[in-house]
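Each chain gets a letter, A, B, C, D, E, F and G, in the order it is written, and its residues are counted from 1.
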Amino acid sequence: MNALALILRREIRLSMRQAGDSAIIVLFFVLAAILFPFGVGPEPNMLARMAPGVVWVTALLAAMLSFERLFAPDYEDGSLEQLALGPAPLETVALAKAAAHWLTTGFPLMIAAPLIALLYRLPDAGYNTLLITMALGTPTISLIGTVGAALTLGARRGGVLLSLLVIPLIIPILIFGTAAIDAAIGGYPFRQHLLLLGGFFLGALVLTPIATAAALRQALE
Amino acid sequence: MTRKQRRMNFVMLGLATLGTAAALVLTALEDKIVFFYSPTDLVTKTTIPKNQQFRVGGLVKEGTWKKPENGLTHNFTVTDLRHDIAISYKGIIPDIFREGQGVVVLGKVQANGIFRADEVLAKHDEKYMPPEVAAALKKSGKWEGGKARAE
Amino acid sequence: MKFFGENISCVRGERLVFRGLNFAVEPGGALVLTGNNGSGKTSLLRVMAGLNRATVGKIAWSDGPISDDPEKHHGRLHFIGHLDAQKPVLSVGENLEMWARLHGGTDEKIAMAIKKLKLDGFEDLPGRYLSAGQRRRLSLARLVASEAPLWILDEPTIALDEGSVAAVRALISEHRDAGGMAVIATNVELGLSDTTKLDMRDYAAGQDDIWEGVS
Amino acid sequence: MQMLSEFLAMGGYGSFIWAAYGTAAIVLLGLLYLSLRELRATGAEIAALEANSPRRRRMDDEDGDEIK
Amino acid sequence: MIQKYANPARFNRLAATLLPWFAWPAAILIFAGLYFALFNSPPDYQQGESVRIMYVHVPSAWMALFVYTCMAISCAVGLIWKHPLAHIAAQAAAPIGACFTFVCLMTGSLWGKPIWGTWWVWDARLTSVLILFFLYLGFLALQNAFDDPARGERSAAILALVGLINVPIIHYSVVWWNTLHQPASVIKMAGPAIHSSMLLPLFLMAIGFKLYFLTLLLLRMKALMMARRARGMSMAQLHHQAAE
Amino acid sequence: MNALALILRREIRLSMRQAGDSAIIVLFFVLAAILFPFGVGPEPNMLARMAPGVVWVTALLAAMLSFERLFAPDYEDGSLEQLALGPAPLETVALAKAAAHWLTTGFPLMIAAPLIALLYRLPDAGYNTLLITMALGTPTISLIGTVGAALTLGARRGGVLLSLLVIPLIIPILIFGTAAIDAAIGGYPFRQHLLLLGGFFLGALVLTPIATAAALRQALE
Amino acid sequence: MKFFGENISCVRGERLVFRGLNFAVEPGGALVLTGNNGSGKTSLLRVMAGLNRATVGKIAWSDGPISDDPEKHHGRLHFIGHLDAQKPVLSVGENLEMWARLHGGTDEKIAMAIKKLKLDGFEDLPGRYLSAGQRRRLSLARLVASEAPLWILDEPTIALDEGSVAAVRALISEHRDAGGMAVIATNVELGLSDTTKLDMRDYAAGQDDIWEGVS
């Protein structure tokens, strides 16, 4: 079995064994989305207007919370050291970690998003686009998150620093994701937004493992 | 100071603080926190900003609700038995909406003084009975509905 | 295939820890690092493994410096440090298997490792239930579960009871008999025969050496 | 037949009423089903463990061990 | 006295004797309640047939509060007197309470659409019930979040006690705030404001739900005690093998 | 020096030494608040309407992020063990921790809040009330957060679980905090909201240290 | 003032680790716990310190059980486990001072501790620059920096070099001469004189004891 498959299997096993982990991420997502009506007031029109933005922003914040523990446990218990000393290049390790993160976090978020949209009474025309943008956007977020997680490894208040690094990088995804949904609701074309999101994803797929591996090497010194 | 004394002091201090907390909360609850405003509020509280959405609650005034011809736009008056406000609403009303019924409407006051509602919610009281019983009660004059929940 | 280092200096936390250190390990050989606390044993081991870079100097196998092909170097070594790389929710067997497979270990090898480190019966026990010594034994089991010519061990007998210390001693001898090599940092006498000693105090850098020889 | 459909319509509230009763039934009976299944599964697990154990000790021992 | 039943075997026997006394009356009462609720109770003078949702909404709402209170008391017993059965009872009750709360939310929402004109508003009653639901979920999540089950049950117990403040808030929310939700109909100073023909199925269902809760509770407690024993046995077998 | 002062001094020293920690929390606060206009669209009216809600919700999420590391480092390096073995009762430790958290996190958030409100063009009438509600609300949040942090100590995916536990408990603060500001802007009385917030604070001041201490005892077992 | 335990049983991870254990330490006495890895030494020490509860049994001083007044008990003991309670960003001096002051240590005591554990010169060094052995010495310095009659030590000599081991031995003798008592878990011979031995293997629980005698 090659290193990528080994690591993927281990990550998924870990997340299965720690039962309910991704369920908790999704719950956080739902809870955070519920907070806004409290703050903003429950007027239906306004909520429907906010829906795409809130779904995307809360999904992002939920994902953000999960990044912090992406490498930290492996760093603290020496697993990362051992992975670095394994015969597989660190780039492979980085990619496997991102893939596992998406499977255990991004994917459940994608599934939960329409439910929150329902709560906010998103117009019917928006659901398809919401799903597509999430499908393109969440893997990119996972990839970018791994870079951030690796960079802040061992840093003090890593979690907050991490969010600080990752948010600016993710803003474009947020912008195009919500713009696509808004366009779909308004009946405008949104193909270009989806193309851009796809482009981001492919770009991140190639570049981020390299950056993550470099950051991990620094962290281990 | 012995351990017992010290602990006693802490307990007293804690109880005093809790008492203060309870007092604050109880004072706060003296005036109810509003989910909606009454038509009287609209008259007495001059500060309500006209450009914002808010909720008005009260009873649908007897004889003011015209069943709309086109089937969609409803015009009626909400009252708290002291002041009234005219409402205009385009949309589907709840099933128990009728004259004398409690409602909560959400919308904005327009330039012409009419309240344009975006949402009409029906508010009902805690009474449940078969229609015959309600009719009998009404006949015997023991009926006291209507004014119940108009605050 | 020789493993050696030449003229190594190491800076940690802006302090020169040791300098001008040379070492060499031949197949079947064992290098035992001794020295006071803080003399740089752990630092040297990490440099050897390629986890830290030497500030000056070269570390190499007979066929080239380790920096030329880090992955090849990693494939040739086992490193057991203070951290155990174990997950509390995975069973003893699963914990071991992950690292063994990564280095190409087979099922038989893994079973043998479990037996040699006296962990049989614990295979399905979650890692969280292990005591300090049991956890250490599980780390050491990695040495047996897949093969590598070079073992780098940082105080391997810490937290072990007497019986386990003897088992580890036997393990190391066996490895060397089969042509393997070992570098071991320790503060206690391990009772290994025919070792090369390296006293870190001989390479300690004086106070004035801080910026000297630092590249 | 007509009575039945009238009954099901519930004066126009049929969909709401049946959805409410339906959810309640599914959730509450579902929990019962899951509980029973769990009970059976742990029962089987214990049986397997007991078969494995050198000195047998049955769950319904008269004066079995005690957690106080 | 109660200490005695911490023994799994004895508890099993007690459960076996009690179960039929809960299960059968529960079934009978609920079926009778359903009969009256659906066939033999009048429509409301205002709400018409939709009032029939009351017969599931109100009992499950009561159960949501009742189960939480029981759970919190049981947690307190577990924390203070360290009785293991208490934690097991709380652990067994939590999913049941969560289910009742969910049913209360769903049926309330399904009732609110035709009567109020909306599925959901953020008024005090509805919001506080939603918080209750999240407290249940938090309890369950916390319970399962630890490697050491004992740690999980005690931490969750503390959470349950902290969250207990929410119960009176839910109950009095309709008094303290101007909510869209109606004030109390049944338990009020002046006697119930519900006609007796509607009160009958309501009470049948309410008592039926309580007995159903007890049935489920016993079943789940039994399963939990067995699971605990199974864990202990497998652990011991492992160590035993290892020691040999 | 008594235990409370000792712990406070240590916490503040730690947060000073790890320079920029509270700065990072505040930065996260600002960044998250900036995200919403991207998602929702930048209409000034809408933003002004959202201002109180967004300020409160983002402050809450920022605080949430900081809770995770409230006890975790002390737990992992054994400091918590030593604090529990000290001659001071754990309730004192809990209180000192909450106070330190507020000083290093809640207080900076309170200072930053008006800036974000400015960004959202909050009407002038709201600023005073915003400050007062934050002053009453943030210490309560710190206190409730310590309970959550202690309860989830050592839990898997502690950070997310923590948010799940804490958010429902904090919702009332959010509701009354924003309601007070909304009332102030609208010219309604808001005394009762402030009284309630004050009541919550005093109640939490007494009750949460007890719960936190109990939870910490469990964590150390 | 005697410190003793009667009929102690301990469950960890739902397994009965030991049972029916009795011990007593008199002023000037030392109790040395030995036993295989996983026999329950660490568990027993934590129970003694009051960090874990004994599942059955009583731990007490002559003037009453520890559960009556946990704070008083804590004021009477120093516990040094595997975790070091040190912050990497605080200096050696600051790290030590915090714990010393909490237990009423004075400036002179702290200075003496630094000297006895051979940490002089390191006072202003941030904790993160310490090696394994130096870090261990800093933990042990807490014993000297404030006074407590009972020392509870879990493998105190782990990672220490020879000189430091001797220093710790001297420290313990001094403490006992002054009427202090010590409970020490160890896997290696410490060379202390006149100790009471407690072999954990004598109290090991068999497989069938899972539910027995557990309160």
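The criterion applied here is as follows: contacts are C-beta pairs under 8 Å (C-beta built on N, C-alpha and C of every residue); 3 or more make two chains touch, one makes a residue touch a chain.
Here the structure is a predicted model, which is why all the values come from computation and not from measurement.
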Task: Least hop count linking chain C to chain F through chains in contact - done: 2
Task: Most remote chain, CA-based centroid, reference being chain G - done: B
Task: Contact-richer chain pair [C-E vs D-E] - done: D-E
Task: Intercentroid distance (Cα basis), chain F paired with chain A, Å - done: 25
Task: Gap in Å, rounded to a whole number, between the CA centres of chain F and chain D - done: 42
TODO: Please work out the Cα centroid separation of chain A and chain D, and write it as a whole number of Å.
DONE: 37
- [ ] Scan chain D for residues touching two or more other chains and write them down.
- [x] 12, 53-54, 64-68
Task: Shared-contact residues (touching 2 or more other chains) in chain A - done: 18, 24, 27, 31, 38, 41, 46, 76, 156
- [ ] Specify, in ascending order, the residues of chain C that touch 2 or more different other chains.
- [x] 82, 89, 128-129
Open item on the list: Can you tell me which positions in chain F touch chain A when the two form their complex?
Closed with: 18, 21, 24-25, 27-28, 31-32, 35-36, 38-41, 46, 49-50, 52-54, 56-57, 60-62, 65-66, 68-69, 76, 156-157, 159-161, 163-164, 167-168, 171, 174-175, 178, 182
Task: Complex interface listing, chain G residues touching chain E - done: 13-16, 204, 206-211, 215
Open item on the list: Show me the residue ranges of chain G that touch chain C in the complex, using the header's touch definition.
Closed with: 12-13, 15, 35-38, 42, 82, 128-134, 136-137, 155, 158-164, 187-188
Open item on the list: Could you list, by residue number, the parts of chain F that touch chain G in their complex?
Closed with: 1, 3, 6, 10, 13-14, 17-18, 73, 76-79, 81-89, 220-221
Open item on the list: Give the list of chain A residues in touch with chain E in this complex.
Closed with: 19-20, 23-24, 27, 31, 34, 37-38, 42, 119
